[in-house]
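The structure under discussion appears below in the form of structure tokens.
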Amino acid sequence: ACGGNEKGNASPSASASPSASASSGASAGEGGDTVKVGILHSLSGTMAISEVTVKNSELMAIDEINAKGGVLGKKIEPVIEDGASDWPTFAEKARKLLSEDKVATVFGGWTSASRKAMLPVFEELKGLLWYPVQYEGLESSPYIFYAGATTNQQIVPSIDYLLEQGKKKMFLLGSDYVFPRTANKIIKAQLAAKGGEAVAEEYTPLGYTDYSTIIAKIKSAKPDVVYNTLNGDSNVAFFKQLKDAGIAAKDLTTVSVSIAEEEVKGIGADILAGHLVAWNYYQTTDTPENKTFVENFKKKYGADSVTSDPMEAGYTAVHLWAAAVEKAGSFDVEKVKEAAKGIEWNAPEGKVTIDGDNQHIYKTVRIGEIQSDGMIKELWNSGSPVKPDPYLKTYDWAKGLSGGS
Amino acid sequence: MEMWLTQLFNGLSVSSILLLIALGLSITFGLMKIINMAHGEFIMIGSYAAYVTQNVFKSALPKSAFDAYFPVAIVVSFAVAFAIGYLLEATLIRFLYGRPLDSLLATWGVGLVLQQVARSIFGAPNVAVTSPSWLDGGMRIMDGVVFPYKRLFIIGLVLVCLLAMYLYIYRSGPGRRMRAVMQNREMAACLGISTRRVDGMTFAIGSGIAGIAGCALSLIGAIGPTIGTNYIVDAFMVVVLGGVGKLVGTVAGALGIGMFNTLFEWWSTASLGKVFVFVLIVAFLQWRTMGLFAVKTRSLD
Amino acid sequence: MLSVERLEAGYGESVILRDVSIRVEPGQVVCLMGRNGVGKSTLVKSIMGLLKTKRGSVSFKGDDLARRAPGQRARRGIGYVPQGREIFAQLTVRENLRIGLEASRDRKRRQAKEIPAEALAKFPALKEMYERRGGDLSGGQQQQLAFARALAAEPELLLLDEPTEGIQPSIVQDIEDVIRSIRDEGRTSILLVEQSLEFVRSVGDRFYIMEKGAIVWEGVREELDDPMVMRYLTV
Amino acid sequence: MTKPSILSCEKVTVAFDGFKAVQGMDLALQPGELRFLIGPNGAGKTTMLDVVCGKVKPVSGKVTFHAKSGSIDITKRKEHKIAELGIGRKFQTPSIFAGLTVEENLEIAMSQNRGVWAALRTTAMKKAERERIDAELSLIGLGDQRALRAGRLSHGQKQWLEIGMMLLQEPEILLLDEPVAGMTDKETEKTGELLQEIVRKRTVVVVEHDMAFVRNFASKVTVMHEGKLLKEGTMDEVQRDDRVAEVYLGRRRDVDAVG
Amino acid sequence: MMLQALTAPRTRKLWLLLGYAAAAAALFSAPLYLSDFRLNLLAKFLAFAIVALGLDLIWGYTGILSLGHGVFFGLGAYAMGMHLKLAAAGGRLPDFMDWSGVTKLPWFWAPFESFGVAVLLGILIPAALALFLGFFTFRNRIRGVYFTILTQALVIITVTLFIGQQAYTGGTNGLTGFTKLFGQGLKTDGMKTGLYLATVIVLIGAFVLCRYLVKSRFGKVLRAIRDGENRVRFLGFDPAMYQMAAFAISAALAGIAGMLFVLHVGIISPSMMAIVPSIEMILWVAIGGRGALVGAVIGAVALNYAKSSLSESYPEIWTFFLGGLFIVATVFLPGGIVGLAKQIGPLFRRKEAVHDQALNPVLRESNRSV
């Protein structure tokens, strides 16, 4: 069915709009032997540096599924749209995918702002969005599946790890936007409760390129760790300049949560070697599934290409959706949602499970160290997949975080 | 003490980078009055030229020769940006003289196209340039005060570019012709100057210098299809604040913004520092309505 | 020397000049007169190549100039003092003059570091203003500068568009003298657009009067009598 | 100095980056006077007019406008206030609004309430205004060009348009910087007649180099040289002055022979 | 002869009127023939057209290039967004405040509880900011690029502050998750059609207002200021007052557009006030044809339509085409889409662009002012 989009059927749009499919009675996205799904990432603008690779891994997952005969016997036909690093455009394209192309589901988004822009559209048109990136939590839309980590699957355990290592004084450095600010708020509460200390908190505008003053501040604050939530180009500038200032990984530990293999490639492994990152997946993650994933990816996109956490999450999301559809025996959004609860899948990162309560995913947490070949070596992992807790309800120290209600 | 010294140096260093990104614009915009929104993309071209040069050295030459790539890259960056600038002038910009606002529209389009070209050739993600080893590390001034060689190198590079530009624009025949054409194209033509050639050269030089900036910036920043957007606003601020059409103004603008930015950022935060600097710019313009070094004219408007 | 044949020219869509033919012989001072807006400046601009000719031809020393840009025409020996002076305001007086040298056919002169003295002989006042910016000069000073700038390249044909406008009487006399001395030297021909009858009568050899974009009268000095003036030049 | 002057400049000095364009210049105008201001190129005539209309602020000196309501120090006023007081100015190079039609140029120049509110409420011209503009258009000979964008006028036509604008502005003091430059002799004559017409109702200062014109219409002439007052008097007195002849008029010519 | 002179302009007027009527009819009946999605898009574009009208007033007619209209647009949008957010919260704290540790509704949020006040503030705040900025800059005679750069500084200041004050503004995520307007669901068919029609009406209103303004003497003075600000001064006008008025009206229109935008798109975030959107607004007017109000409207709708459909057809390389469109448009359509109607052989004419004052004086003059 049309995902409850009554207007789509009731209005005379089918006759007027050239793109409306003729078979107005058909299920969402279904047309004969194929089913359409939307891929909605920034292919242009400043976010394209990150999002294009996620689009690639999602397309690869679709190819894999199609090679095995598709879902419910139908081939998946991706409809690619460009969010253009512009949030209203994400909303526009999401609406287009759902109401014009009548896709069965959408994989897309990277920044939280783009997700927030799309959310009302998905809720209104009762469509499904699979979001592949780690984010700041505090959200749980019934029409979104969160395939990336929430805070307790990345930030919180990484802080615990650092505290265990005896690193108590932290310098919080982030780009000025919601994810870093929220993450740091959580970190400060966590540190306060567990005997750590945030010695400074600095935000730089997105796209900021000169870190000499920040580095001077770091030098004078003498922290044990720089907890880095910078995003995109700023990371390149920060780490290049940190190295030039004579600060190497051995002098100062940094932990980054937005630098994955792809970013390492763009900054230069020589610069990043020895610095730490926190994710749920690395190209080196040792699972049989990952082996094939990496192999296939290199086969498809070149031997030089690397895989990373968001790419893996996007890839996994496609497979999880396909699994849910198979289980539901239908493309109907409500049925797929229902079927998705508790679905398990052996992803490249290991076993993942969809949490039926909040539509997030159980994920294993991994701390890694960047190697001089650009790969990331796992130093620690959580042992088993961590249950997602986007509102940090299970953490006592997080009680005071929200305003009360 | 060491903090002051470090910050003073940082201020100078930020200023030198601002100046580097603004120098080319001070020609294409300051002199030619082309609101060159593609300026950032010429910087990007320079960065990618450095990247390609590096790759060529890596793959075609022995390891020992690698460190020599950077001087070569500077020349290549200039040459590539120069050539593309020349081409752009010949095919598009020349229709836009005396129409600065149209030039904004068209160069915006050029910027979009160049970004897409870069994305198609080099892929969407950032690429990495390994800096030559002789630029690694820094000069120790005293305990806790290190002046990174890269920063020193950029300061030096800016000074060289500045001097060359000064000599070219104000002390050479071609520079004089260039200024004459930029002020009154028709009359310059009537006096026997080949305006087409001067226009082409001028725009190409401005673009070439943006290319050098891109090459230098590859040492300390990202290289990707959209890096131009990180620099474009700052570049315009610098040129305008100093007074459009004045090289010395551009220098002053860069120093002013760079120093204050560093100072404010030290006192407050990067974001607030930026706000302060821009508030200061707004306030400053109330006082000096045509920038620091206004071009004074007797004309009515 | 210069021969304009059946020229048709104008701005964009609007045609201003229709079927205009004039000739300037070597060494002659030819004057072009007419009320405001009849197209005198338009004709001069067309000769200089600033406006596209729609029909007809302009030839100089026997060559057709049709396809030549203004710069090429200048380098062939046409000098131009436009109405409104068109000084390079941000360039110093010296630089303005050196730009004037660009059109010299003599390579040495073109690259000279200093302005040849004889180029300045006629306007000694300029020397004192060498380092001031052209735009700061008073109107009359600018007019002198524009004149000197055009002379710097030693043109064979000089196009003067109302060169005495805004000039103090003594300098008008000087300009008159300059024009006369140029004529006497015989190396440079002049096409002079001028409103002052008295002035043109004292320097001109041949006269053209324009009306509504067409030449309506031509003749020599003696023929330019009061009835002619009444007919074409009064309002 | 029988009648009280309407405008008086005392010891006005103007400097540009140290260069003194005007130095200690005095100038007093009687109401209804047609004053000619002459002098060599660069003497500071235009600058003097600039001071009076507020375009340039003098470094020292006083410029007083004696209105009916009292004396006003001009140097402390903004340009548009000075214009509102009744000082109009025609510039040396014609400056009209190139993007507006000839008619619109005149409409804007016309004396009127110049506040934003008044302008917002005015959509069409009143009948009286129409008539004034029509009359003006035929006076300046631009009737046929009324709907043309002023940028397309020839140099001389622009001059006329600007004169027309000044007349419609109805200032008490009219400052004309080389109004007949580029005009034919006959047009010059016509302008002169027009001036004599105007001067019945207001005070006019004309800067000119056309001696025939000055001679025909001037009663009193002020000569400036190097920023200072060189001579003031009737045209005859001025002509006879050796210094004026030397720096300005030229040696040979007998000015009487002109025209 | 006489008769002809009378009827010629009249018939032209009649045709024009007919054209406007047809356009209005087409707009009003759009809900009948456009799909939900396309109607929503059109509504957004029409909101953009309102900004474009205001920009044309200040840029096309007054010659002042503002690259800061994103701020005015954004302020209007935030005003409406705040109202919708409060409506959605239903008496509780907006969700993002809750998470940011704010316990009480900030005082400056309180007035936005009322729709009327929110709308009023959505118009007044941008206008007041424009007046404030204009008061200093225009009186100090900051002109041309200097003014333009100043507006860019305004953008950066505003955006940085909005991002930094996450607890009060929602930070980079901005405000989303709106549900209700007037107690009715925002997503109902009736509401959507109603909002669309309201946008059409507001656009027509804005158009009529701007038309009145440019035809009045006020408009003539604005154009005179564009041609020669100082000359206007010597005629006794105070250009600063006119510029301030035009700037404020223009800002108010942007604010109105922002409010409508939020209603259609359901999100406002600082990135929509930033430099790029602000420049894009200018591009709409430039493409449409500055100095002509219809041009502004056509430009905003046409360009955004092109952007949408190009990116739908060629999601991976559409910026090629969009960039190419800008380039081609400036070279071959110097008068914008509207100018196209006025010139027939543009290809041949561009060659003499430098001398060609007759082609489009408005264009050249407004060009000169930067």
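When the chains are written out, they are named A, B, C, D and E in that same order, and each has its own residue count from 1.
Keep in mind that, in the parts below, contacts are C-beta pairs under 8 Å (C-beta built on N, C-alpha and C of every residue); 3 or more make two chains touch, one makes a residue touch a chain.
Everything numeric here is computed off the predicted structure, so don't read it as measured data.
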If you take the chains that touch subunit C and keep only those that also touch subunit E, what is left? B, D
Every chain in contact with both subunit A and subunit B is listed here as E
Name the chain whose C-alpha centroid is farthest from the C-alpha centroid of subunit C. A
Of C-D and A-E, pair with higher C-beta contact tally: A-E
Centre to centre, by mean C-alpha position, how many angstrom separate subunit D and subunit E? 43
Interchain centroid distance [CA atoms averaged], subunit B/subunit D, Å: 48
Centroid spacing, where centroids are CA-atom means, of subunit A and subunit D in whole angstrom: 73
Could you grab the centroid distance between subunit B and subunit E? Build each centroid from C-alpha atoms only and quote it in angstrom. 32
Subunit A, residues touching no fewer than two other chains: 43-44, 176, 203, 205
In subunit B, what residues contact two or more other chains? 115-116, 186, 229, 271, 274, 300
Multi-partner residues in subunit D (2 or more other chains touched) are 91, 93, 95, 152
Subunit E-touching residues of subunit D, taken from the complex the two chains share: 53, 55, 78-80, 83-84, 88-89, 91, 95-100, 104-105, 107-109, 114-116, 118-123, 149, 151-152, 165, 169
Residue numbers on subunit E that touch subunit D, as the complex places them: 212-213, 215-218, 220-221, 223-224, 226-228, 230-239, 241-242, 245, 357-358, 361-362, 364-366
Residue ranges of subunit B touching subunit A (in the complex, touch as defined): 3, 6-7, 10, 13-14, 17, 115-116, 119, 123-131, 136-138, 144, 146, 148-151, 217, 219-227, 229-231, 262, 265-266, 269-271, 273-274
Within their complex, subunit B touches subunit C through residues 173, 176-177, 179-180, 183-184, 186-196, 245, 295, 297-299
In the complex, subunit D touches subunit C at residues 16, 39-43, 46, 92-93, 141, 152-157, 159-160, 178, 181-187, 190, 209-212, 247-253, 258
